[in-house]
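Each of the next two complexes has chain A plus one other chain: chain B in the first, chain C in the second.
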Partner chain A sequence: MGCASALQMAEGGMKSIVLDQGDLGQGASGVNAGTLSLQIKRVKLMPYAIRGHQEWESMGDAVGFRKTGGYTLAFTDHEAELLHERMSLKAEAGAPIEFVSNSALREAEPNLADQVVAASYCAEDGYANSSLTGQFYRARLKQQGVQYREGFKLLGVEAGNDGYVIRSANTTVSARKLLFSAGAWLKSLTALMGVELPVQARVNTVSVTERLPMLTRSVIGHATGLLTMKQKANGTLLIGGGWQGRGTPEQGRGQVDTDSLRSNLALARHALPAAENARILRSWTGFEAHVPDFYPLAGKLPGYEDVFVLGCVRGGYTIGPYIGKLMGDYILERTTELPLFNPGRSFPEVVV
Partner chain B sequence: MFQLAPNHQDDIVRTAKIRFTFDGESFLAHEGETLAAALMRAKLLHIRDAPGDESPRGVFCCMGLCQECVVQVDGKTIESCRLSVSPDLHVTSLRRQLDT
Partner chain C sequence: MITDTDIAVIGAGPAGCNAALLAAEYDFSVVMLDEQVSPGGQVWRAKSPAILSAPETPESVAGESVRNAISQSNVTHLGGVRVWHIERSEDAFVIHYENAGVSISLSCRCLVIATGARETIQPIPGWTLPGVVGMAGATSIFKQDLIPIGSKMVVSGTGPLVFFVAAEQQRLGGEVAAIVTSNTLLDWIKALPAMLLRPGLLFRGLRWITAMYVNRIPIYWGHTVTRVEGESSVSRVEFKKISKDWTPQGQPRFIECDCVSLGSGLISAFESFQLAGISLEHNSDLGGWIPKQEQDGRTNVGGCFICGDGAGIRGSLAAETHGKLAGLSAVAFLGAKINHSIVKLRREYTRAASFGEAMSKLSIPRPGLTKLTTAKTVVCRCEGITRAEIEDEMNLGAQSTISVKSGVRAGMGPCGGKFCQTAITDLIAKTKSCPVSQIAPPTARPPLRPISVNTLAGDFDYSDLPISKPSPL
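What follows is the complex of A and B.
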């Protein structure tokens, strides 16, 4: 998201520099399952998600974009009810989601479980390869002449003569305006500015199997939102769904939790019995940041006129390139195409 | 310039030779070496078939990543480059055996 903002600022004639504590695109942008599905987006964020899809589509092969269409499955009457309720609202919000008959589903995806009670379909759904995010944006930054520093461990921010001085162990960078766009690490960064934001991190698990014969062509989800599954061109299945691992952003990368992973895989097997004996080659986790109302932080840092925050976007991989552009426009003091989300709003009490 | 190192081949002490079977056929290996190494020395290069187009596959990365050398032992699928040869090892290949 930060890279998308920097590119937009450059397009508007503003000189910018991207400072990343690791390598570009190696946070949530680089470790998520790459699912681009309107069926798992929040209703209020649908206009952003639809435009996000357009952004990914325009990036094309360079990010491994594939528009495969996606099915969301319900295995019980209760799940079917949930599916109808959720998908109807998303369709009203503009996502081209339809309900499909069992025979249509069977024809398109013959290897899916027999026990499907109801299914929805969205032709816009697909995926990109999240491990290409970083190299894509690095190339775009170079092309646009935007500076970037990787491995920049920020130690402090001080008010300078004309803006701010950002300090790392061996260098300083001066800037008139700052944008904090650091996902799950936003909390500690904004704390440096004396602002406590109620940022929390989920520890989502993703797994990849060995290569298998082609079993499915679409992105497969579950009515509860607890499964995403897609088979890549090389035959591997990528399985996600937001099952929780352990750890915090402050401690490092997070760890896979075996029990959680087992449930994740059981649901995947249930949906695609033909993959029952597939071996899991790797599982990993990534941090997905959110605030208590699950809407983005995108606007001015409370108490500052020239410090901005961008993050905690539910469905952030899909929406990131678009909301990043909006943020760039906002910092350029242009009118944004869609409204942003004031980080200074009041949040509901967090129940622990 | 280049200097030829003396040939230490005769000084190398190998572990005992033992037998293992690969699809029912018996082969010799040194106890404790990887199955991948033993298979290569036995000139068994076709270990499995690709899950997609079923073209032949063999040992490739030798470090447990690529999955091209997987075989079955006691019903479990395992990378032959991560399996040490031991007495009474019976290996079944995954050549033309995928039924899904």
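What follows is the complex of A and C.
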């Protein structure tokens, strides 16, 4: 999101520099499962997600974009009810989601489990290769002449003559305006500015198999959202769904929780029995930041006119490139195509 | 937390076995897990049951002795199992392992990691041809199956292993076409003082070398194999003289052969340490990236101890005593009063370690080594990634092992980078003109070995799945 904002600012003639504590695109955007599915987007965020899909499509091969279409499966009557209720609302919000018959599903995806009770389909769904996020944006920043520094460990921010001075161990950077778009690390950054944001991090688990014969061509999901699965062009099967690992952003990378992993893979096997003997090569976790109402933080940092914050976007990988552009426009003081989300709004007390 | 066992030891080589045996003497429950069916590790690898009556070797004798000790002890030995994940909680560790297709967990108060070493091979053109085998890999075949490899072998590499591989190939009825070693006689003379600490081993080494001269097998000191040639399998190797920094120079020469054993030294198998939460540091004298450690196998993770070659390449003699010391550290952590002489063990360890370290020094990579890997040479063999592809990715801006891995998939295949990461790290350091100690390996991810979906998912009913309530609409 930070990179997308910087590129938009460059387009509008504003000079910017991107600072990252690690490598570009190696936070949530580099380790998530890469699913681009309107079926798992929030109703109110659908206009953003639809435009997000257009952004990814335009990036194309450079980010491994594939529009495969996606099925969401229900295995029980209760799940079928849930699927109908949720997908109808999402379709009303503009996502081209339809319900499909079992025979149509079987024809398209013959290897899926027999126990499917109901399924929905969205032709707009697909995936991109999240591993390529860093490579892609690095190239784009270079091309647009936007400076970036990797391995920049921010130690403090001080008021300068005309803006702010950002300090790391061995260098300082001064800027008139600041944008914090550090995902799960937002909370500690904005705390440096004296603002406590109720940011929490989920620890999502993703796994990948060895290369397999082609078993499925679409993005496969589950009515509850607890499974995402797609087979990449190289034959590897990528399995996610937001099962929780352990750890906090402050402690570094999270850890895989074996109970979560077991359930995640059991659900994957239930949906695609043909994958039962596939070997898992790697499981990992990524931090997904959110605030109590699960809507984005996108706007001015409370109490500041020239400090901005962008993050906690539910479905952030899909929407990120688009909302990053909006943020760029906002900083450029242009009218944004869609409204942003005031970080200074009040949040519900109860944290889910 | 009530745990399944007091102490778990991962790895049943010289270090792990000795740690487990000593800990069991203090009446703690000890479980030792290992990938091989019988204890012994790589150096004391057991013979296949089909050939138990085959002649003894120093390795088989030492292995039998430790195997007997384990079977007579209270140590619970779990052989033929694969540890795939280590989880930490405040006062315990949970080890997850595969046994015959089933994933089992084992909790322990105290963990000893003795996962040993693996070999590293500098990629050269043709190193992926059938007929090329690692030097350590070759010794595994020799020890377990007592068969020679191919009919005519060229051995090329560093350290004492070149001579051991050549001697065993001959003893088992194979032919050795030549020994090509990057080390010079001067390198070996420098190692002599440390070798005199272990006259028995020195004598054994001299016997191997003498046998080569008696059998008129050429030894090319200060040379290296630069290319393996052949259509569908090895037919000959190209080799060259090397400079002091190991840059190949001069006219290529050729040796006909049908197999090649290559080796660029041993490195710590450090992924288990990473999963246990132990930080790594770089020490080129001890094989590169190794776990940070304090005396007697203590680490920055309370209750987790390390020993053997995984803690730094010092050889099997040092691993034995290091294992004992780590075993004592573990029981002391659990509150036992130590009645062994730690001082004596430390002295023994220092002596053995100085021998092992002198041997490791012979394999410290020199700057010219990366020149063996040409632009078109495959570096990551799982994914088929060449040196040129890795360098292109760096030229586009990737500056770390994580970026290179993400960008071109180098290290994303079934081996998880275990085969190629050393070469990739060296390439990154060379391209950035910085010391290799600044290029940290990527984050370790479970499973430590590929494990099937069935094994990981286990038996379950769909209705038993802990399906939480759906995400907000």
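Keep in mind that, in the parts below, the second predicted complex is superposed on the first by the 349 of 352 C-alpha atoms of A that agree within 3 Å, B and C clash if a C-alpha of one lies under 4 Å from a C-alpha of the other, contacts with A are read in each partner's own complex, and residues count from 1 in each chain.
By our rule, a contact is a pair of C-beta atoms (placed from the backbone, for glycine too) under 8 Å apart; a residue touches a chain by one contact, two chains touch by 3 or more.
Fair warning: this is a prediction, and the values are worked out from it, not measured in the lab.
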Check: Once chain A from each complex is brought into register, does chain C clash with chain B or fit beside it?
Finding: clash
Margin query: Is A:214 touching anything from chain B or chain C once the two structures are fitted on A? First, second, both or neither.
Written below: first
Next item on the list: Determine, for the superposed model, which of the two partners chain B and chain C contacts more residues of chain A.
Entry: C
Next item on the list: Look at A:132 in the shared chain and tell me whether it touches chain B only, chain C only, both, or neither; answer first, second, both or neither.
Entry: second
Next item on the list: Identify the partner contact of A:153: answer first if only chain B is touched, second if only chain C is, both if each is, neither if none is.
Entry: neither
Next item on the list: Check whether A:235 is in contact with chain B, with chain C, with both or with neither, and answer first, second, both or neither.
Entry: first
Notebook entry, point to check: Counting only touches as set out at the top, which of chain B and chain C does A:274 meet: first, second, both, neither?
Noted result: first
Check: For A:43, is the partner it touches chain B (first), chain C (second), both, or none of the two (neither)?
Finding: second
Note to self: Quick check for you: in the superposed arrangement, does A:15 touch first (chain B), second (chain C), both or neither?
What the structure shows: neither
Notebook entry, point to check: Of the partners chain B and chain C, which touch A:265 in the superposed model: first, second, both, neither?
Noted result: second
Item checked: Shared contact residues on chain A - chain B and chain C -> 210, 277, 279, 281
Next item on the list: Note which residues of chain A are touching chain B in the complex, please.
Entry: 210-215, 235, 274, 277, 279, 281
Check: Taking the complex as given, what residues does chain A use to touch chain C?
Finding: 22-23, 25-26, 30, 40, 42-43, 75, 82, 86, 89, 115, 131-132, 134-135, 138-139, 142, 150-151, 209-210, 223-226, 242, 253, 255-258, 261-263, 265-270, 275-284, 294, 314, 352
Check: Contact residues on chain C for chain A in the complex?
Finding: 85, 87-88, 94, 96, 103, 105, 393, 396-400, 402-403, 405-407, 409, 412-414, 416, 443, 445-447, 450-454, 456-458, 460, 462, 465-473
Next item on the list: Write out the stretch or stretches of chain B touching chain A in their complex.
Entry: 50-52, 65, 67, 70, 77, 98, 100
